[in-house]
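Below: a set of structures, written as structure tokens.
Both complexes shown next keep chain A, but they swap its partner, so chain B is in the first and chain C is in the second.
Entry: the complex of A and B
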């Protein structure tokens, strides 16, 4: 939960004043400041190695070795009453130090406490699945594989969950372009028509507000109409504006541009 | 032949109607457009509203069908994801000729605000489109107008000849 800050005097005192304001880090408290968390940490440390631990926003954060993930989580579930796995995913730090950070967010309903178990893994390092402890981990781990490409050990159905099975690349990695890589941009064309038809259909038009003055396939200019696909790079002749078919319409006068008057007096 | 002289142009006394087969068939086609129930995203809500009692598509003979084999209009109402692209193509192929496609809303037209890796940038990359309907999401009145425009288009087509194939490839 994000800490609430009162906003009722917001008009008197705007909270964005400095344009280059850098938000301070959320303070990290010592684990000893909370008795219950201290006993949780002691229980983990008695059996496993803990590299770092602190309390942030009333939640205990513990960094462990990834090889111990199943053991630590089982201990927390069975002995420390953290009965729910609320969330499980990864953070991409590949650009910074070539590692993924995996986190398991746990909740104890009886003790009203939340704890986050974190661990670093290398890019291609597989992780032991925790779906034997919580069924909810099944889909979360599949999503983690789908989005980051983190492989799982002992997962019952290690398949992509959101993207199609034949998708290339892992979209939530920081290195993945937002508008998709080469395979992604041609995905539907390759799948439905085949790679040989890429030229017929053409590349994706990413700027949907784009107007090309010389493209007569898709665009036309009022008063300068030319046949579809005509080459107008040499300039086209102005045509009379015509609002009616050549044959005319019964009882309706034809618009004649010559007879029109443009009224410049705006007060008339 | 009538024994007596009949003035066929007199009001109420018209025993026959003269028309062409084209017009007759197109009259039937344009007034019984059966679209596929195919709401992909939020435009689907407007599609449902158009079908429901307030806007009442039944007045146009537009009755939503749940099977592509009974439908002749595909209203693509919403965002088409790349994962779903093959299925829209399959549904389109399953529809019986003659068939028409209305691309409803910004997402279906161009990908809209979803300028991302997972969205098809316009359904016309996958299926041929007859009518593009702007809006995000278009109101039911706009969809009604689109259906009326499609009716106009159908009435202009020739009915007795084989339809020109509308294929991307």
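Entry: the complex of A and C
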């Protein structure tokens, strides 16, 4: 029986993992261990629900309800001096529990603190845009939509940003293969030649490391060169190795493969 | 019928409709002054921009996707390809993020070498900026002079790691090599000439009429806009915020060296130009200090270049060749890759362009579960949306120039 390979996460996996290996954990500290973070958390908790919070590697991580995202971030920006939104993106957990995790990475310049606000959403659940708080979220959210297909509410220009507008699929999802899917391999063929020429052109070779031994259109085997497009299913003939064209360099141009002898006895 | 007079030119067969004379200009994607593949759709009222719409993605290679399919060490050369003007700073940003995740202590000598590389990269990047921006504005001489110095620095980097553009000069846990013998002498010789070189550039353009017209009071980014758009680095410092991650959240040995953080509240192109020049002086200052720090390391006989963490980092070459267990460990680390603990990290560094952050979510696998690069140029391109309206076509070129965007980093 063929081994089952999951379709919801097609990213590269380690080929070997020790059965008894338990991955260690980056320590999560209690929020009370840092006074400033504790007061930040208290400010959020006084108005919104917080499901989990801890300090990891000197940064506060707070899990909130996604419905409160705008409120929490506004509170942090206006009352807690987190004036900059460094980064905003998502993590794909669809294979695990059908959810996306969204994170907002904030920075307070006056207090030199960094905090990460996180929330879970369902696959098709739209998210309120925070573009009204930080203009930079405009582009980050577009990128998030482009890469994960997360829909946005109240976004001024919810369009793909890095991929072409008519691209199919969302590249950073775990279910999207690294080399691209079926639609990706036809994208440029359709664009340049038109759908009606798919037969003639053939799908784009998207695995740049793939070498097909029988493909004489794109590859040739050294020492076995044949005309382009020749059928070599019956095997190809070995070609004479020619290091130089006729009249080339002294000695080398007289090299004849058939007349050379390979000396195997090193003590001759 | 239109009447011709000296003040109102008469165009045959062309009538301008007062209400609808908006022209849409496609600036790029192939434009020499766009510094890469930037397509800028500009709505124009005569010469004035009324709406700007930057369109990016022409250099998108899915680097974040590639990261999810690579072991950590494998990803290092890929980081070179983001901000390819200053490749080592990307290497460093990634290395720092992973080091925080696996909690290793980098040896002091490696830290000093890293700081040298980072500052050399900053100089390379700033010189490149000066050269290309000056060229965009028409100052060919500055371009030639600045590239001459940049070439010298590229040679230095080449002496160190063999590459000029994509260095991969930094490893997770340290640096792969010690600096070559003549490196310090060469570096010092360069640094000694640097103040005079900088003065030469400034003599050429500081008071230059064309330069000032293109720079002064052009491309004004108010502080609020800079903060809102996530501008960092020289862009933010030129808008009146004195924020430098090297100073505020020191990494490596930046808390031991003395340097100033230049900033300006003028907010315009000229302020940014001045800040780039001042930062080059500060980098020179830091590099002088790193030379002394390196000599101290040599005196104290601190030879380690890579951190000692057998679980994550291969042993030094000598051990690999003599110790059986080190070789086994090395084999596992190369074929399967290190497995950092479960957790996540966001590490921000001050790259020449601004805040370069790596967010890594590790699930204890050899492959990062999610890696997000916070590339400063991404938002420095985004800010053009709000920055360009109101300015004129010739200013667009100088504004793009001073944002110092690199498309390897914008599109990733």
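Operating definition for what follows: the second predicted complex is superposed on the first by the 181 of 268 C-alpha atoms of A that agree within 3 Å, B and C clash if a C-alpha of one lies under 4 Å from a C-alpha of the other, contacts with A are read in each partner's own complex, and residues count from 1 in each chain.
By our rule, contacts are C-beta pairs under 8 Å (C-beta built on N, C-alpha and C of every residue); 3 or more make two chains touch, one makes a residue touch a chain.
Everything numeric here is computed off the predicted structure, so don't read it as measured data.
> Quick check on the superposed pair: does A:105 touch chain B, chain C, both, or neither? Answer first, second, both or neither.
Second partner only.
> Based on the superposed arrangement, let me know which partner A:206 touches: chain B (first), chain C (second), both, or neither?
A:206 sits against chain B, while chain C stays out of touch.
> Which of the two partners, first being chain B and second being chain C, lies in contact with A:178: first, second, both, or neither?
So A:178 meets both chain B and chain C here.
> Of the partners chain B and chain C, which touch A:91 in the superposed model: first, second, both, neither?
In the superposition, A:91 touches chain C alone.
> Looking at the overlay, does A:164 come into contact with chain B only (first), chain C only (second), both, or neither?
So A:164 meets both chain B and chain C here.
> Between chain B and chain C, which one contacts more residues of chain A in the superposed model?
Here the partner covering more residues of chain A is C.
> Quick check on the superposed pair: does A:187 touch chain B, chain C, both, or neither? Answer first, second, both or neither.
In the superposition, A:187 contacts chain B only.
> Just checking: does A:59 make contact with chain B only, chain C only, both, or neither of them? Give me first, second, both or neither.
After superposing on A, A:59 lies in contact with chain C but is clear of chain B.
> Common interface residues of chain A with chain B and chain C?
Dual-contact residues (chain A): 163-164, 171, 176, 178.
> For chain B, which residues are in contact with chain A within the complex?
82-83, 85-86, 89, 106, 109-112, 115-118, 120-122, 125-126, 168-169
> Quick one: which bits of chain A touch chain B in the complex? Just the residue numbers, please.
Touching chain B: residues 163-164, 171, 176-181, 184-185, 187-189, 191-193, 197, 200-201, 204-206, 208 of chain A.
> In the complex of these two chains, what residues of chain A are touching chain C?
11-16, 21, 23-26, 28, 56-57, 59, 61, 83-87, 89, 91-92, 103, 105, 107, 109, 112, 114, 116, 134-136, 138-139, 147, 160-164, 171-172, 174, 176, 178
> Which residues of chain C touch chain A in their complex?
It comes out as residues 56-57, 60, 62, 64-66, 68-70, 100-101, 103, 225, 227-230, 241, 243, 248-249, 336-337, 339, 341-346, 348, 355, 357, 359, 361-367, 369-370, 372, 374, 378-379, 382-383, 385-386, 411-412.
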